[in-house]
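As written, the chains take the letters A, B, C and D, and residue 1 is the first residue of each chain.
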């Protein structure tokens, strides 16, 4: 899918979150700035809200708000967070109807053992049951985040355990689903990954300080060295005694989200030993094998299709071309053109390069296709620019099932591949031919990856049961914050 | 004290909060706007943060933030809150070290029975014990507000009661201290006042809609008619069946904060049947009886001393004069002058009118004196303007004890009347004479008031025991939000 | 008139500007901060835009914008202006249809002799003719300010004169009308006042630095000593050789705007040797003599009628009362109530104090009455609060003529005293009686003032001919800036 | 050069401006929105300030400010500009020391014939002489723009001519240098290009409305059809009678800035009949011919080197690779890392893709090199990522001379190619080899272009004499606006 559509229409599956944490052996470190810089590198994983919590010898300071990292954090805000020896940070995406400042993370609370901060990437499949159970016991909820469920369960376990890591270990028997978590207590920074390893989480080393991040690109951004991925099911504790892993919940067959490689992750990240950029190149190469075509030029939809387009070009020997130019000054304050203007001119954010397209047979590559509305406009642009033929190649299989593991996929009714067959899609988009990557190949794109994959969104085969909607009280969750 | 000091130094006891609520029989009412206008009228009760929660057929929308009412609410924000049949609003002051967006109210949560919103004016005396107990049971706290304690206790009672008002009734046996509360459930708006009636809370009628407010001036502001004060200990429930009072906790000897009449409340409010303006006039009259002086003019420190100055003038027959002019354009963004500029010229925010002062024997009236720093500057101004004599008269007794009932009084160490005797104060302020209102008279200023008074800040005699600090976990509450 | 009306409706004559200047013998002085603080004190003379220009050894830095002083200037902006040895500042009001950033002053330009900055309070009566003539010679205008006309004429004279003060001296033969000017060249600060002395302008001394200001309250605000008023027609030059006056244009019979004493100037200012506060007290006293009434209490419309109300009370022996309370938190961002809300409740910004009003015969005092719309609402408020009788007394004569000398009076069609006779006004406002100050008395309010007065707005007798509209080119001045 | 450096250091030649204009036969057209959308497409030509002036039946409304298009214009601002039948818009870059709101364009003034608005791209070579002459005649300048000189000269001519186009025609005999101008009178929109055609300016058709723009990409953005380039020296007048060209100043040998093709213009623009994208591909191809090398992959510095990298790859048959990923969320509010952080981690804004670079012999392509500081960091990044060899190829000749024609090139002392010889540059940048495009080839990159080129920045051969600094008055232009 193209980023173009961020503004025109929310037409892409959305990663819900990114997390970052740092434990320094030195008190008075500028851990807030490290978190700030890393959140920039993880911004693609969530643009709705962000936050940072700093711990300075037990005292926690935090700041979070709706907005992008540079909007939420100023020099002054970072200075107020102050120095410390630990910090966690979070970027968040959420569906428009849950857009709320109170849902911004990290969530910072007080309980019987003092303060606790938590940052969460993922989604629980038994959230409704757990929430119902907790409410029956008199629990008050301040947010609609699954994260608050986790923090309540951990707190209840904490009353009867000696350490927070034991409380987490026990809580993990109750919570089901996808979660990569960072929990900060007054003295410890703890990284947790669910047993299936749906979402990535890795560890790095910054001059002796321990850092955790959703993706390795965040480590690069602050000059930290990659150490290893957190294992599925592992609890990693960093404190003054060093780093240790608790593996009670490890050993499950892993089930990493393959869409991290297809679209979510940044191409410069390396996840589970596999390069994201290379995975996309390979997807393009497989696509060239599966769906060859006679054409003059291969162009990628910017920026999501560029890597796969280069792979297709290399395999097919059809020249790679630069077909589009994006206006890099289009920001969030862009005033929408009227429908009339839109119909006659979608070239404000994206324009074609005539020299590449005109009178050519074009292979157009994108990573995936959700609703199809944006792709239809892009194809129209190519036609208007004089393309003789347009052959669309999609570097993933058709998207036909919901995801319960921390991404935001539209309802099936909005998925073009669920609604239409391949011929109908071809006609709707006005392309000369269309080809999707096969399910067989999609599992092979991340060469060398040391993990299994979840491809439920393509196949409907999920590693754990789909969530059952729990009975709700009449007014449950009917709260909106502005 | 003068308002002047708001900016120069925080040199006044601060009322902590104001609350407003409306229950309309008409769905789709613009209850948010009514709340907005009323919060303007209550802004003097809290300038740190404010918020409004609207309930529309069970669905609650809320918005709150740090800042004054016009800063927090824009036309757009109000529109997002939407129409509804109920709303509650809150303005809040808090000590600088608790300045935090998460402490802004109304607090809106979900529990077993759906959503609940709460707005609170007051302070619990057993908050520490209650918090400890709740935490021992696994409760997670998101704020440092006493309000969150109340909401947790009410929720725990709610599991075993048929109605929210019964849960509140039971909870009132456990919470001690000062509280005027508004609680909004999906179908009811409930007003509660503690048994001592420390803080004011009244009910009004706006074309058939029921409104509650901390002060009657808020009713005036929206054109509502005053109906009556909520009784100390009373629970008033407004729902589609009408309004009814539950008086289980009524009957206690009441103990209204006398400082509401001296300084906190707006002069145009009527509280417990007594006019605030008249109370201040009477304070001035008593003061003239107790501490007469031979002088040419009586001037009030703006704006807090103006009413009492007029009373003093009337009783003493010394002419009332306008001695000061405040610059009404000085706002919060004012850039502080340097110390040097300040020493030579405090006349930026406040200037004297030479025609009133020069070569005159001046009686200067203010409502109270806390630290004395601002008063010292004002006296210096009068001297520089050519006053022959300056006789300070304070329309309340010396302030020497802490308050535990919802105001923010500085530590004893900062109270000038605690540190210095009357002669020392006179010398520190460089006045020719000083006189305070007697404790006997202070209880009589609110003529016709149908309540008893708490004057613990002057006498140390409190109607309920002073709070005991509870044992805290090492890291308890060590959280700051920016 | 009441300030209340600023927001509800623009229902008052508006002073158009205030100016401030400082010449320091010390280079590297913080002249920008002195200007900033002084503009605060002059803010009542203009709230639309403001600006400061600093001169540091010939290099001028300036900043101006639409907005109040605290909105336009931040700590950062002041720092960017830097240190220097001279500064001039300006606050400006202008009719809504000329609201434009390019009209903000000081106007800073380059000409043959380098840079020049100018700040202007007043209005030329031959502006149209001068502009036409300059345009015929090829002059390009960037603003619609009269100020730009002055600067072009001075510049043209400057080519043929040795000094800027000579150029100004020559220019003054051509420009007619009201002007109090500050002109800053790279080495000199020059204060100029027109021959009639319509607008005030005074000189002060701040530890040896020379300061000029529209009103003495600005001197007080920075701790400067008052030295003297600039004489009508005088050119005062401050440079490294000291201060000297050029009196070529002096000697005319002066014609100070009497409305400065009635409403425009701050009560703590002293103008032409007369206290503004005392002038208003005297206006009240004269009013009590001219229009006595049997009543219980005298209240002033806040804040404009307070001084005169006190004077009326003193003379009549009827007690002075505090009848109104203004909400001091109402700011510019206030969201307007709907018409319905407005009709039933104007008490958001202004409320009555029932204890003062109810069952009383009230004398209501204001300084003047323009449209009458706001006064009508205030009277309605008094009636609703239970006033038995309302007797309106206005501390100036009826307003029936336009002003051409630097104030912004509505068209005659909007002047209630032009449209209606006294009985009709009484009925329109629903008062029991009405009385205006006589023209004989208005000229005597400023006791000891060492000047003559212009009372053209009451009498139609102007000291110089009314301006003739000049022929305009078809598209002249049809420019709006947003 | 890379865009990366915009933030790190201002390390690129800067185009100074872009212009847009529209003349509609329909009154009440939304010409402001057309200008707004087009300025987005021209934003790369100037990021300091922007503005739009709308003409509605002779009445001009304008708005301009410092900032990017989406910052300066909101929905509200555009609505205030209103509908009309003509508009001109402008984006501007300027050296940091002239950053001033008063220099923002369009410049809108009043003169003898009414209002006039002007937008200007370029730079006059005899500006100092003209300014001096005008000042000697008594002209006052409000800005430091050359544009104000043009407007004064045109105005002076206008007194003695029948039409504005005649005045412009006469003025063009006096002004020398580079200028692409749009001038809007109350009834006409006029486009002018200097005789050498230094800067581009083209005409389009939008459903019968006439549009002018610096680049064709602006026409695409609003769906307008390209009609033709304005000829060097041509004056094109659009009014209700249609469009006509005045060619008195045409016929000169043209001298288009070749840097428009190398870097300034957007790759999707077509200028003087030549595709900008193709010109850059050809530059890469020529570079491969001139400076071949044995390597594994060709990568472009993002985004400025991408087109040429693809050309180099095609010609050399060395595979094209995606070597870098830019963080697209880095905005203007980015908080600078400390020097320490910077040294160890430049990967916040730009990261390498290890899969492309590691263990490879890399050809790195960029369009030009100015100071070399950013390039040095990029090379360091490649080394750290494991590149075996780095061969730098620059798609233009060494930059060694100043430009007087409307770009902002640093002083010679800052040009790396002026200071160092090729070997020294190679060593400074730590590359294994370096190659620049030859001067012979640079003139051939724009295949089919129907114009001559200025390559003075590479050769020192300028089509018109270099400007002579004029004698200045001591304080001339010493004004800064904040």
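By definition in this document, contacts are C-beta pairs under 8 Å (C-beta built on N, C-alpha and C of every residue); 3 or more make two chains touch, one makes a residue touch a chain.
All figures in this text were calculated on a predicted structure; none of them were measured in a lab.
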item	value
Joint neighbours of chain D and chain C, given as chain labels	none
Centre distance in Å when chain A and chain D are each reduced to the mean of their C-alpha atoms	38
Chain A and chain C: spacing of chain centres that average the CA atoms, whole Å	60
Chain A and chain B: spacing of chain centres that average the CA atoms, whole Å	47
Sequence positions of chain A contacting 2 or more other chains	none
Chain contact graph, described as a line, ring, star, complete graph or other shape	ring
Chain-chain contacts as defined at top	A-B, A-D, B-C, C-D
In the complex, chain D residues that touch chain A	3, 33, 36-37, 40-41, 43-44, 47, 68-71, 73-75, 78, 217, 220-223, 266-268, 270, 275, 277-278, 281, 303, 306-307, 310, 314, 319-322, 325, 327-335, 337, 341, 344-345, 347-348, 351-356
Contact set on chain B toward chain A in their complex	58-63, 77, 80-81, 108-115, 135-142, 144, 148, 151-152, 155-156, 158-159, 186, 473-482
